[in-house]
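Multiple structures are listed underneath, in structure tokens.
In what comes next, chain A is part of two complexes: it sits with chain B in the first one and with chain C in the second one.
Right after this comes the complex of A and B.
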């Protein structure tokens, strides 16, 4: 029974069968929200799906040698790690089996961005290299805050286990941590005002400039899955504890949808910042709060 | 035609990604192409996305009379777009070199160098006409994938101010043996 439940979680909900359509849906919500904010009507509902199918049917330029092999491998690694991250989310009440923890989830969430950096450098395009360098700088900046926020949440609740965190109700310190994660999400998802790595009109498409056809489709899918995983992480931490599984699933989806809407509206309302402003924002303004959150979490732990 | 091919044709028609290239244009047509993506015309309703890289694009939009300095770049970018692909010549310049005809600095018109699928005449064409051209090119793209050969390039009608498809042209595309006659 445990095995069946674990497989169902990995493959159906919140795993692949849920995650892939949800990725397309979130990509559509993002584009639609930006369009509505700009006074446009925006793309039709099935647009990301059509884009995916069309890209799967396009040819790719010939790629030779180890470099070419690596270029083909990066998007696949990114998609599988993002899908694995979604599958780990403890949306439904746990019932034994492998559950993973926050550290594994963080590693899987970080892998797509590593793949993007590697992809830009292995493509050999000057725009890809600029984009990769920016992504690397950006990930060093926001990850400090992101990781400190996670550490503060884990320290305040005495556990790194996702299932245990989902079972406990949110403390005020956890809300502080969630706020810090929220500040990092636009940078993680390459959205305005931190859309530096894939800055359109500036460095073309950044690291994925040289990608075409099915490989590009995989990048789009991994971006969508990152949306699901990142918003899902926040939704899992913020959701109230519910006994019935369908209510938990419903609250999870609703919270994810609200987050996507919020992030898209912020993206549409802001302009892109320069790389040094972004780095300064994370290191000078946000880091203080993250350190404060960790310090108070540890302090409260020692008092208790 | 099986189900996957049908889905592929449908997807190609509903998701044309453009790459915009300036072949020595005065910027008039470029402004109109961008205008077709703005809130007033909103080409994204057709799934149109303006891409930064020719590798991502399906449809190459070329403006300008193709100067001698631009012609090699145009050929390179055409080769960089992955199959299946279509080419739209936006404005009268790439079709006929327009007022710059017989200039010694030009290598145009465009169809001397790469095969063109849709001509959108006008100096500059209105955003409505460009969107019509993109829709036609997406249709050609879908048919090309279904292995139907399209020999003649399509010339879009001139869309005047206030034309909403209710006039004599009816918003329909005309096909001509000699695109230059219609484009002029």
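Right after this comes the complex of A and C.
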């Protein structure tokens, strides 16, 4: 992969130029779909963009000391890592060089969650602290399943390289892993029934209660980019191998869109679960499923 | 499964909300903005007493009074209209207008107090003072 291709991937597609409008679009699709399913009219198409611009034009509350500096830094780190995760997705056919791997992608996907936890605790707000504690518990619960699903996919396909995974056809075990990742996505994206960290009716916005203006805009953007990265990861793993770049890009976008709709249906059809029910769900039900996937993947690998 | 069929019917059905700035169609009984008729008001300030949202202010002056109304604080409960014995208050039967600045819809009226004409002192009829009669309780009140 030459420098121009690398830059085009990081900056244009599926990098920033694609990712930022896609983040706003996915946020709009989710809000609109949930609203329509609940019998409301929902926001207009440009609403996420208008929200972003409006927040960017507002002033931020004064923050002093190292705590204030950290509070300013968390949303920026979250946006950078989520944008990096999107840029790593091997949407276009590989042409050599470093294509990124699953471990780096997972690390980048996990950073926004860590930033949210840290931001809530740095804010000193009781709502922020409760939200952060919930996010931490949720993160520990779903990440075990998420990581085991990724490991099972990697073990079944004998590689951690994203490009290599994208070039291989999906096996039944890989579909099992994709299903496990899908179960984790509502928790990762703070959607119902796992929207505990930002439970509006209970703790306002949870960890980001104390944020306003451009900092809040960055959190919103980071959330949108997480949508693109998380749905993009599943789309990459589930998409069929295509030789032409435009067909690959089209299938990727279509799969992401379908996933957003599916998650919206789940969000609209369910109510928020309590934290102990959520933990029990991931540790008792889904973990067994993920362990089975990994065990069968390892078994098949040693057998081969 | 019932929830899914409900979501499906909602998805293809007509939404129950409107996109801003469309306004809903309301009936005649709708309680909208409070309107004030200074010609009818006697300045009793009962409306102010009855307003729990503190949307109505009343300042009494010498020979006049100022009545003001802030729709931003109003809950449109209609207690002021119900309590106005002079029928100086009424409510619009349409949605309140959209406003973008705080206090944009606030209205204030300074009204001169009506001069009350005292009835001329009528000549007292020459009636003899009643003799002191011991109070006799009514039969119903006796035990």
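By our rule, the second predicted complex is superposed on the first by the 303 of 304 C-alpha atoms of A that agree within 3 Å, B and C clash if a C-alpha of one lies under 4 Å from a C-alpha of the other, contacts with A are read in each partner's own complex, and residues count from 1 in each chain.
In this text, a contact is a pair of C-beta atoms (placed from the backbone, for glycine too) under 8 Å apart; a residue touches a chain by one contact, two chains touch by 3 or more.
As the structure is a computational prediction, the values presented were derived from the model and not from experiment.
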| item | value |
| --- | --- |
| Superposition on chain A - do chain B and chain C clash or fit | clash |
| When both partners are placed on the shared chain, which of chain B and chain C touches more of chain A | B |
| First (chain B), second (chain C), both or neither touched by A:265 | second |
| Partner chain in contact with A:36 - chain B first, chain C second, else both or neither | second |
| Partner chain(s) touched by A:44 [first = chain B, second = chain C, both, neither] | both |
| First, second, both or neither for A:172, with chain B first and chain C second | neither |
| Where chain A meets both chain C and chain B, residue numbers | 35, 38-42, 44 |
| Residues on chain C engaged by chain A in the complex (per definition of touch) | 3-4, 7, 10-11, 13, 15-19 |
| Of all residues in chain A, those that touch chain C in their complex | 35-42, 44, 265, 268-269 |
| Footprint of chain A on chain B - complex, ascending | 7-8, 10-12, 14-15, 17, 38-39, 42, 44-45, 47, 49, 51-53, 55-56, 58, 80, 82-84, 145 |
| Of all residues in chain A, those that touch chain B in their complex | 31, 35, 38-44, 46-47, 49-51, 53-54, 57-61, 127, 200-201, 203-205, 208-213, 216 |
